[in-house]
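Have a look at these structures, which come just after this line.
Next come two complexes, and both contain chain A; in the first it sits with chain B, in the second with chain C.
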Partner chain A sequence: MNKLNNSQGLNIPENYLVTPAYVFFLIHSMQVGVGILGFEKYLVEKAGFDAWISILIAGGILHVILWMIYRLLQNGGGDIVEIHKSIFGKYLGGFLSLLFCAYFTLLAFTVLITFIEVIKVWVFPGMHVWVFAFVLLFLVYYLVSGGFRVITGICLISVIIGLPILLLKYFPVEAGHTMNIYPAVSHSIPGILGATKQSILSFLGLEFLLIYYPFIKNPQKSKKWAHYGVFYTTMIYLISVLVTFVYYSEEQLKQVVWGTISAWKIVEFPFIERFEFVGIAMWLYVVLPNICLGLWGATRIPKRVFNVKQKYMVIIFCIAIYFPTVLIDGRPMIDVVNNLSGQLGMYVLMYIPVLLVLKTISDKVRKRT
Partner chain B sequence: MKKHWSLLIMVSVVFLAGCMADKSVEENAIVQIVGYDVGEEERIRGTVSIPQYGKSEDKQAASELYLTVDADSTKDVEVEIQKQSSKPISIGKLAVTLYSKELAEKGLDDNVDVLSRDPRLSRNMFLGVVDGSAKDLIESGYTQDETTSKHLQGLIENNTLHNFPSTSLHDFLYAYYAQGMDPFLPLLKKRESFVELSGLAFFKKGLLVAEVPDSKIFTFKMLKENFIKGMQDLPFEGGTLMLENIGSNVDYSLTGPLDDPKFTIKVKLKAEVNEMAGVDRKATPKLAKEMEEKFVEYFNKEADELISLFKEKKVDPLGLGNFTKTRKGNFDLTQWQDNYSELDVDVQFDVKIIEYGIFS
Partner chain C sequence: MWKWKRKEKQQPEKQQQTKKQNGSLSEFIQAMQQSEDFVHYKLSGSTRCTISYLKTMSDSKILNRSVLSILNSESLHTLHDMRERIPVENIRVTSKLELIEEKVMFGYIMVQIHEKDEEVLLVPAVSLESRDVGIPEVEFSVVGPKEAFVETLNTNINLIRKRLPLPQLTVKETNIGKVTKTRVAVVYIDGVANKDNVETVEQRLKGIEIDQLTDSSFVTQVIADNSNSPFPQLLDTERPDRVVSNLVEGKVAILVEGSPHALTCPTTVVEFFGASDDYFLPWHLATAFRLIRLFAVIFSVLSTPLYVAVLTYHHEMIPGALMATIVSSRSDIPFPPILEVIVLELTIELLREAGARLPTKIGQTIGIVGGIVIGTAAVDAGLTSNVLLIIVALSALASFTTPVYQIGNTIRLIRFPFIIGAQLWGLIGVSMCMVFFIGHLIKLQSIGRPFFEPLYPLRIKDLKDSFIRLPFNKQTERPVLTRSEDTQRMNPSRVNAKRDIDE
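Our next item is the complex of A and B:
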């Protein structure tokens, strides 16, 4: 079962690499997670029905950040750990890398508890979290210990399974009021930028490229696929937002916690009256790569810093997020965790340009000496 | 060997799902209709009907069990009903919720909150206001083969395809929460042996403030949405004309500044006249022209009456405020509401009679 490669450093054997096109799925499936189920509410609170502009701005910003990440990695000689080491030295660099590890773990944890909350509110109010979390984390352990290629496979499956759910958008549009999206911009620039910040939170996930970059074969060729991935995510978010804007009135959407799931409620077929159950069940496959890749990224960093076996790290990390998952309960606490990981994600995204500047300076200095 | 262990655990997890407690239809009290009345001492009287699915073979008439309770709140009704029921109550199939007019006049805000909060309820559920007591309406069976809930659900659903505008729970909540838009619900009335849709009830937030009889609903629906089907009669030269809608299209447009807006509502109606009782004339283009003029005059009058009623009661079921909000950036709700009663709304009908049936 131990497919986690044991190679030290970054000379990863070819049989562990993935082709450049898979970066599209890796980027996209990591970005789309639980956020899309209810992010409309936060956008509307800031910018009303003009929030679609914010999505486009956020998408644009993400393209720029993606470009920066590639610039960083191109001549960085590997992943974020390597870059940190070359800029900050062994100890400070290692510490910063561990911060990334903490952030990736938090991201996986956030996705896990938010999805469990969705199941508890919508499907099984009396569900025993400890059982479900155990089964799910066992599955995650199984997949993560399968190695990076298995995770890539899960990302691919998740994108494909997520596709038919998009067709459901037809029903709310049919029942909706299209005049709501008449583009009369009524919100000030600060409002729209505030919503941009909110929507960037749902775009988090492409920073994992910093850690799985060495696993891409011909990484230069993956550039365009990564950009396609971000573009595809932007389009899906844009469609989701426009559909909820058509379906709900502005004040109503502010009260709806999970805009997308509530919109699934309108879908009724003779053989299934509550389509949101099917949607939520299928969403597990959309959420799964988030947790897997999150934990994989989080465990890869200690491996690179301390040279420990990643397999043991996966077990430790699974146990470490299992207990808080069981203990955390209720909307307020989950909101706190969500806000925290959002904040941290924001800092990580802001840290990337800084890192790029530092890297350029240090390269120049080194060249001179 | 390691692999086998994981496989074994995975497989057993999959099969464990089969250990989930199952529920059969006969062992559940599936509530499909619930009605609320004003009870004694500021309480709510809730009535539910539960279809009884027997295990016996004989296919007799659909039988129902009616339970009525007094409770402190909408959710408390469920609790109280559970006390009287031998089976667990399940409200996931709730299809119709009725409120007595008395209750609606006191306000439905608490109820709306419950409806929008509960994930088990369908968004396609119908709401209705009962002219009289909701309890009486539910408890008198109407047909032999259908349960009351199925009957009422069919009644409302069928009519929304014709003269009645669509009024599902989602439509109600949409208008309830929207700025510059007010909800409306169908009004049901119990006659001796049947129920009829007798009109529309208009709400200001959760409060019933105005009613319109069913004769005006065709005009209202034309102002509200695009639709096909629906009929309207009109006296004409001593006889009666029956006009059947085969496609009506409504278009709002807004001109003028925000503090003095001017609305133009253009309705284009393509119609077929399929009854000309007592009209002794050949169907000629000249007659069609006269009939069209007559209908335009009639619809204009009706629409003006409706809009002045809305202005007088300060309700906005057409969502003119909501429309303004989407078009003008700096929409101010209080200013809009202050100006609403003096709003300039111009309704223009354009009726085209294009067919006369298969006999001339």
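Our next item is the complex of A and C:
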């Protein structure tokens, strides 16, 4: 058991805990979502074909933030709610925690609508979103109601199933021109940094550690797994970006919204063509952990703050997400939501160092008194 | 509210029980005399006594040779004298009505000195009609032992014990079933099986509220962690060797009187796809066959849904050359793929069900007639396409490759949600269905242990004997799943001791 469990609501029985190694899957599968299907375009707009450097920089920054999160949680006594309470007191702390809840919900919502958009664009243009969203959210409810262990399992399965999809990168490389990447580093530093900011958005998701930290057995040992997770994500992004750059020309890529999916189109086997259908269907496995963990994290915060039952919260949140999902239509609105969640994610990432500083100060003050 | 209702229900039950206890032995005899096969008469030889027994349950040889001959030739006046003289083991003198009732019903001979006496002598003379130990029919294997369990609990335990001559092999019995009072035995190796597992099983068995227990499958359904799941959460097998190897791994077995199947737990979904044959073959072959079986199961579940998905929504996915074949075979068919598939799947289910109910020889004929005649006729009539017929037949064949019958049933059933999913949203529907089942499997538990192990929780050690089977010298530890109290199977350093050349 975790020795930091001293407050009510954080005493999690041993059989609900997961071993440290799963943090790798939790972090990685939460980071990789729908973004990877089409994030190349936004990077290229800023930094051209030098965007791969931005990915590396962003990965490095994320490692630092991850280190901060662990520092924060180490002496924090549990999760973000506990930390907020100890720094800001019951009311302001609770309010800040609820902001996190809203942010987590927004992340889940963004992933959901973007995935539905992908399906509408690529597979079923005339799909009835209200039926599909209902079934999908029911599925999410079924998984989330199984608790954190089930969600971790889904994360694990998602990473395993995602692996063969990665092998498909071979086809665009075979068809592409490696000379596209050269000359390396031809863009200005502000351009590259701008793309770095863009690419950090694709790395969002590790802040969920703030809420599921108490569910890890021997959380200190999970540190290295978390870092492996971020590193693995960086590598996958780097490979995807490089492959996309090899396959498309710079000007062409600026026109392509879903770079990765378009690249799947050329995959060809003797018995199967047009692999994007399979790819999108398999992408459900990559998307679901995002939505599930997002909703789980979002509903756990009210449970911790108000001491309400999480199962009712999940139903309420599913319904709350359902209606906007049905109503939202068209790329512009989805872009707005995506930008909003990206902005918020950026703030959350910037908030973590601030929180760490505040926490250290308050700890020191308390020690003196 | 429910508790209150339950309490109310329990009260009359208690009253009944007390009434029973108040009844006397003579009332019991009176009740029994209504049956024709109850024999009750006075013996007026050198020993005067009353003998009663069920002639359909008692062995007349014991009665004639050991009981009557002694009673007639010697003059015995107390029950204790009789117990000394009658050359049958385990004779009891008792006045407990419950015990008397139970034993007489099982075929014991009851001897009283006077008819009104409450104290009786019980002579075991049980004659059990049972089938001989035969060869396994459901889980047949080409090589390896060919003994299967029968309907008698004692014989079944004998089959296990003779393979495991250990003092630690523990057999605990209880009676379950309000009406049938069926004997149920929990078998495990003390010191190897995890105590919590044994306790969980015993507690769940104790908690069973049921009137009749005619087969072990009742137990599977009642004590399952999630009884609404289509997946069986206890492995049932008719092979004593399989039970023994499970016991040695640290699992717990449940045997039920009257059932030729043993249940073992905790189990995992992967275990259902392993056959005993796998251990009788060299490990590479066993691994290959296991993978073939796994592929067969995946194929069996997914092939028709994929057919529906691709032909309804994603024609583009099929390469041109292959498309020509499918189009030419489907051009005359008036139905959409979903209807075609459902009709053909139901036909196959029909054949299977009919074949299973009929005697073996007719069953085979029906299978051939139905399969070939109906299949060809349906294609000729233009109701289904050749391609689909091949797919459906193959998937039916593939579903038979599972060594455990129970999971075969599950596989038969779960493809229908997939077909519906495929009709709704094509490949995405199929993968949604898949996520649902994976989530369900992750949620499932067998006696409190994860059912989807070793995939989740991911346990590399247990993967050695799951989808693949590594050689025995690589499996020096018991599976993590069983949480065995003695994790070492054998001494790994001695097993894997390296020898130099020419040593």
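Side notes on the structure shown:
Assume the second predicted complex is superposed on the first by the 360 of 369 C-alpha atoms of A that agree within 3 Å, B and C clash if a C-alpha of one lies under 4 Å from a C-alpha of the other, contacts with A are read in each partner's own complex, and residues count from 1 in each chain.
As a working rule, a residue touches a chain if its C-beta (ideal position, glycine included) is under 8 Å from a C-beta of that chain, and two chains touch if they have at least 3 such contacts.
Computed from a predicted model, the values in this text were never measured in an experiment.
In the three-chain model built by superposing on chain A, chain B clashes with chain C.
In the superposition on chain A, contact is made by A:Y142 with both chain B and chain C. Judged by the touch definition given at the top, the superposed model places A:R274 against both chain B and chain C. By the touch criterion defined above, A:Y285 reaches chain C but does not reach chain B.
Of the two partner chains placed by superposition, A:Y91 touches none, neither chain B nor chain C. Of the two partner chains placed by superposition, only chain C is touched by A:F132; chain B is not. Ranked by how many residues of chain A each touches, chain B and chain C are led by C. Common to the chain B and chain C interfaces on chain A are residues 135, 139, 142, 268, 273-274.
For chain A in complex with chain C, the residues that touch the partner chain are 18-19, 21, 119, 123-124, 127, 131-132, 135-136, 139, 142-143, 146, 149-150, 152-154, 156-157, 268, 270-275, 277-278, 280-282, 284-285, 288. Contact residues of chain C toward chain A in the complex are 313-314, 316-319, 322, 424-428, 430-432, 435-436, 438-439, 442-443, 452, 455-458. Remark: chain A residues 1, 49, 121-122, 135, 138-139, 142, 175, 177, 179-180, 182, 184-186, 248-252, 255, 262, 265-266, 268, 273-274, 276 touch chain B in the complex.
Here chain B touches chain A in the complex through residues 2-3, 6, 9-10, 13, 92-93, 116, 119, 122-124, 170, 173-179, 181, 322-323, 325-331, going by the rule given at the top.
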